[in-house]
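Paired with chain B in one complex and with chain C in the other, chain A is shared by the two complexes that follow.
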Partner chain A sequence: MSTETTDAIASTEETPPAEPERASIDPHQTRRAWLLIAPTLVTLAVVIGYPVVRAIWMSFQSDETIDPQTGLFVEGGFAGLENYAHWILQQCGGQACPPGTNAASFWDTVFITLGFTVVTVAIELVLGFWFAIIMNGTFRGRGLVRAAVLIPWAIPTAVTAKLWYFIFAFDGIANSLMGTSIVWFSDKWAARAAIVISDVWKTTPFMALLILAGLQLIGQDVHEAAKVDGASAWQRFWHITLPLVKPAVVVALLFRTLDVLRIFDLPYIMTGGGAGDGNDTTTLSILVVNEIRSGFNSAAALSTLTFLLIFAVAFVFIKVLGADLSQDVKER
Partner chain B sequence: MPLKRTVGAISTVLLISSVAACGGDDAGGGAENSAFEENLDSRGPITYVQGKDNSGVAQPLVDKWNAEHPDEQVTLKEQTDEADQQHDDLVRNFDAQNEDYDVVSVDVIWTAEFAAKGYLQPLEGDLAINTDGLLAPTVEQGAYGGKQYTSPYASDGGMLYYRTDLVKEPPTTWDEMMEMCSIAKKENIGCYAGQFQKYEGMTVNASEAINGAGGSIVGEDGKTPTVDSPEAAEGLGNLVEAYENGNIPKEAITYTEEEGRIKFEEGKLLFLRNWPYVYGLAATEASSKVKGKFDVAPLPGTDGVGASALGGHNVGISAYSDNKATAIDFVNFILEEEQQRFLLTKGSLAPALESLYTDEALVKEFPYLPVLLESIQNAVPRPISPFYPAVTKAIQDNAYAAMKGETDVETALSDMSDAIGSASSSQ
Partner chain C sequence: MATSTDTATTDTRGSESDRKPPGKPTAPWLKTLRTYTGVAIIVIWGLGPFYWMGVTAFRDLQFTFDTTPWPTHVTWDNFETVFSTARGNHFGRALVNSVIISGLTTIVSMVVGVFTAYALARLEFRGKFIILGFVLAASMFPGVALITPLFELFTNIGWFGTYQALVIPDISFALPLTIYVLTAFFRDMPWELEEAAKIDGASPGQAFRLVILPLAAPGIFTAAILAFITAWNEFTIASQLSSDETQPVTVAIASFAGAQPHVEPYTAVMAAGFVVTVPLIVMVLAFQRRIVAGLTAGGVKG
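Up next, the complex of A and B:
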């Protein structure tokens, strides 16, 4: 064990400079490397691989049905693509799913989820950037500001949700401050706005923190050199800060986008997915959880679809923004 | 097993369901569940499983039994106080064929699902419950497909709370109540509220409106939708109209039991549909402004007493219990007058025994008992369906959309009917 470890350390130390000669790596070392990462691979396979594969397998099975003779549940058997048609084509037993079924709100739910994602991430990016720049400056009480900004993020989401639930209650502080009498969780747009506001409040600090980390990597010397060359504050921000902080911003954006695509607790606790016609704040995760009680297999199909959607968005994200990144490198 | 907790919520469920699938295979499916024939006469220690004992009555009940049955001790196992988590915990343990889950507390809306899965021991033959003196609707609610699967533990019914300082005689019909709303307007308070947020409470309130107008949700068989009828349209129409013209305040669309109770206690509602638990709180809580100024009446229907939904909890015996003879004795012990009385006096739980509702001493302590009795006697249970989650969604979604004016009553009811139909036929 100990020799393996030292060998591994030795090999990692040697590898970077020897990059061009990668082809000539000792096969023994390759085997050892595999052995060393095997526990991680096994863990990943069990924790991530198995549930995903299992979900996909289940999504091709029918849910249990009731035997009309005995009134008892019987296995549903192989379903083919039926579960997927159930969601995507909104088919319930050969006809269009009537309102009041989970599948009837599938496409609405997809667009609601995407809508939440675009709006909250955009607002969080702008605010987060602003916060990060403030926190990056030197001023009295900076430590205090940094700590204060982090508080919303440190509060458990369920608590945040309840907090905003009370703020937006009919006789809550939001209405009394603004002198309005909006039933926030009944009106479609008011409810969505309430959820966006609370999500922005909660996760802007996260965005700010990641961007701040990026900002702190930019040396003061670059800015000073630009100053000497006569660059204005705006030019320094646009041509120095922005390109240099971009990798950190892209990571923050990606994290937040994936997070909001899976958003569950805020809308679930604040509105239960309700408002509007009754499903106007239902996100994909809420729909999955609602469906689980009706049938594991159709819920598995839905969670697979959700997984594919998130995967696609992440893929596009990395492709598009990743390409941008390499361009920057070339330009430089 | 510890894996389950570390994987994300969804994959957790997937893992659990994979265990479920295995369990099903081993048991050989509901009807032929061989466990139904096992351990029928065995006696010994058992476990009683229920949700968190917030009213502190379960432990004393178990202690009393244990004092009388030293060889057949009952252990109380408390679950969380979240209904969904209690449900999922039961499913997990049934699937694992856990013989330590002997007597389990079952929310009335889960009975059909658990029975159809073959989890619950049919209460027949030597395991029959003693139904003498029990309120019929509470017993019927524990039956599925003609067999008794659960026994009443405590019942519950909706009542109309009204302000005695503003209304002399409570309304006996819905129209009368709507007329009295002019009083509320004069006082500048809300007239009527129930539970209209889109959750189980909406199902209860919509069912009551529909049943109270002579309509019905499902037919005798418990699954054929019958909700697309003129009577049902009148019932749901009553709620829709009242919400539209402001007799139901517009913020009431976000009310659950608690929001409505608080408004009523603040003196801001003339009428409130709620469960019996509100009575004691409104009469004693320091913050209540309606102490001595309110009373209860049966829910008003179209012509006379309305039709409450039934709440409460039942108890069932797991098919995998290893001491079923002790289990059924414990179930019958709960139904005895002394225990039912204790549950009422200490836990304010509505008894399943009819005689207690007219017991003089009890009526003195709980003046709402006669009204509650009338409510439960006229109650119509919610649909008893193994697909209850889909059925309740069909009801609450469409009733909610109708109340909000998003769809008209006729469309909402025909959608509700279609959605209930597609729930029962699975997909």
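Up next, the complex of A and C:
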């Protein structure tokens, strides 16, 4: 418990609140604050604000179409909710979209994305908790362990994808170690498993580090006191550790859930969105990218739906699970 | 925190029925064994696949699928293949592109973000929570939602495949990350020194520049590393908005072409991955404590 990380985190928490007498808001300070923040607001307005507004506007426009009579491109004009119906109701020009089109696979894609999210985050939570508990113990070689967990985090996802693509190759080390001969990227469940395993490998360390930081805030004395009172290891975990690390865990869960909902690199590079030539590993992000080639406006509607889904999930986390991301600031 | 701790302890003590007689304590050697088994698993988890990438990177192409766990048929050939342009790969150029794109992204994010972080950590003002919520919402924003409008915009104004077309979207996630990490660092700095400087006659600007900035340097450095790594690792946006001339390494690796079409040049790709990853790993190992603190600073509340 005496590493510098622990100290750094502990000191973070022990710092006395900076001058609570500043509670009353000084208009001069407000003006200065807004001046300091202005560049950020302008930058975010350009890099996020404009694209969002533009995407929403585009999502209500029709795609340019080729006039069958003249063979020329015609402006689409206002489309109402047509682009949204295209995805949600899978309507292509008034009738059901034929199989094989992007729109026809919309709901499959939604469930594949949600499936990846639930499975990946659940596995990461359990493994991450276990890693964190081990790393919170006393042992030699803390530096080595910390370095080891940072490596999967530091490797670019594109490289991770290629690395695991090689590991899961037919003649690769995965089949060799398990004594199997699975063609990982031809079977949809094997391909999905390969993607989940790669993602879990890369991001469990991040989960573990966040949970570890939460664990390190729990004083050893609390556990000692409970031990003296006769609480078993399981009781101590359930009644002390879990409630106290809950805030850290919920925030970690939120970050990771939002990450997996927008997962792109791993399935795109490893399978191109399909196992064989299907779309069994197509996530929402991949579908958006595929759709850009078909039409900006329908792609804009799909990306709007994607970010609405992500914000809905974030909202649920913050309201229901009480993920409090700004607690520190509110306390001041 | 103190309150919840007390409650938890009281709960445990209060429920008499749950109370077990102190059983046979676990033997210390068993505990040690258990800890070190876990430690070994974590180390293998982190290093194993990376080690395998290294071993393969230095292995002769003919022995791609050799499963000997230590280096065999060691060669530099794969690295020559990686940097060779004979098959239309421009890995060297992609490396330079990545440095340019990530560097510019980091510089812009830091210059803009440092002031906001200072205001958020240090000043009381109306609308603070709105700003904070705004930054958080920005950091959760799916990159893919930016691609469609930016694809259209950059095509229309002739920016498609330029560096600025890649830096601008990268700022959308690097800037919120920078603000997040910096705000957490700034909150824990010894600000009474700033007051002391002001009492000694320094202006707020001087107090910031001469007292606070040197103290904040480690935090700023960490935020810069995190922003740089995140931009370096970006793939989604670059895969759609870069041209052959401006593509970064992540895109170059994903589309690395081998001698024969449809045959993945595994050893060369592993060598390319090794080249891209090793500088990051050196950086991460050198600053691991700070990086862990920076990564967890925003996420953990006591």
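General remarks:
The rule is short, and it goes like this: the second predicted complex is superposed on the first by the 269 of 332 C-alpha atoms of A that agree within 3 Å, B and C clash if a C-alpha of one lies under 4 Å from a C-alpha of the other, contacts with A are read in each partner's own complex, and residues count from 1 in each chain.
Just so we're on the same page, a residue touches a chain if its C-beta (ideal position, glycine included) is under 8 Å from a C-beta of that chain, and two chains touch if they have at least 3 such contacts.
Here the structure is a predicted model, which means the values were calculated and not measured.
In the superposition on chain A, A:58 contacts both chain B and chain C. Legend: residue contacts after superposition of the two complexes on their common chain; A:159 is shown touching chain C, with no touch to chain B. By the document's definition of touching, neither partner reaches A:316: not chain B, not chain C. Look at A:294: by the touch rule set out above, it reaches chain B but stays clear of chain C. Which of chain B and chain C touches more residues of chain A: that partner is C.
Contacts of A:70 after superposition: chain B is touched, whereas chain C is not reached. In the superposition on chain A, A:303 contacts both chain B and chain C.
Using the contact criterion defined above for the overlaid structures, shared-chain residue A:46 touches chain B and also reaches chain C.
Contacts of A:100 after superposition: chain B is touched, whereas chain C is not reached.
In the superposition on chain A, the residues of chain A contacting both chain B and chain C are 46-47, 50-52, 54-55, 58, 169, 171, 264, 285, 288-289, 292, 296, 299-300, 303. Listing the residues of chain C that touch chain A in their complex gives 1, 4-5, 8-9, 11-13, 18-23, 35-36, 38-39, 42-43, 45-47, 49-50, 52-53, 56, 64-65, 67, 108, 111-113, 115-116, 118-120, 122-129, 131-138, 140-153, 168-169, 171-172, 175-176, 179, 183-184, 187-188, 191, 204, 229, 232-233, 235-236, 239-240, 249-251, 253-254, 264, 266, 269-270, 273, 276-277, 280-281, 283-285, 288-289, 291-293, 295-302.
By the touch criterion given at the top, residues 3, 6-7, 9-11, 13-15, 17-18, 20, 24, 29-31, 84, 115-118, 144-145, 197-199, 250-251, 253-254, 386-387, 389-390, 393-398, 400-401, 404, 406-407, 415-416, 418-420, 422-427 of chain B touch chain A in their complex. Taken together, the chain A residues at the contact with chain B in this complex read 46-47, 50-52, 54-55, 58, 62-67, 70-76, 82-83, 86, 91-93, 95, 97-102, 104, 169-171, 183, 185-186, 264, 272-274, 276-279, 285, 288-290, 292-296, 298-300, 303.
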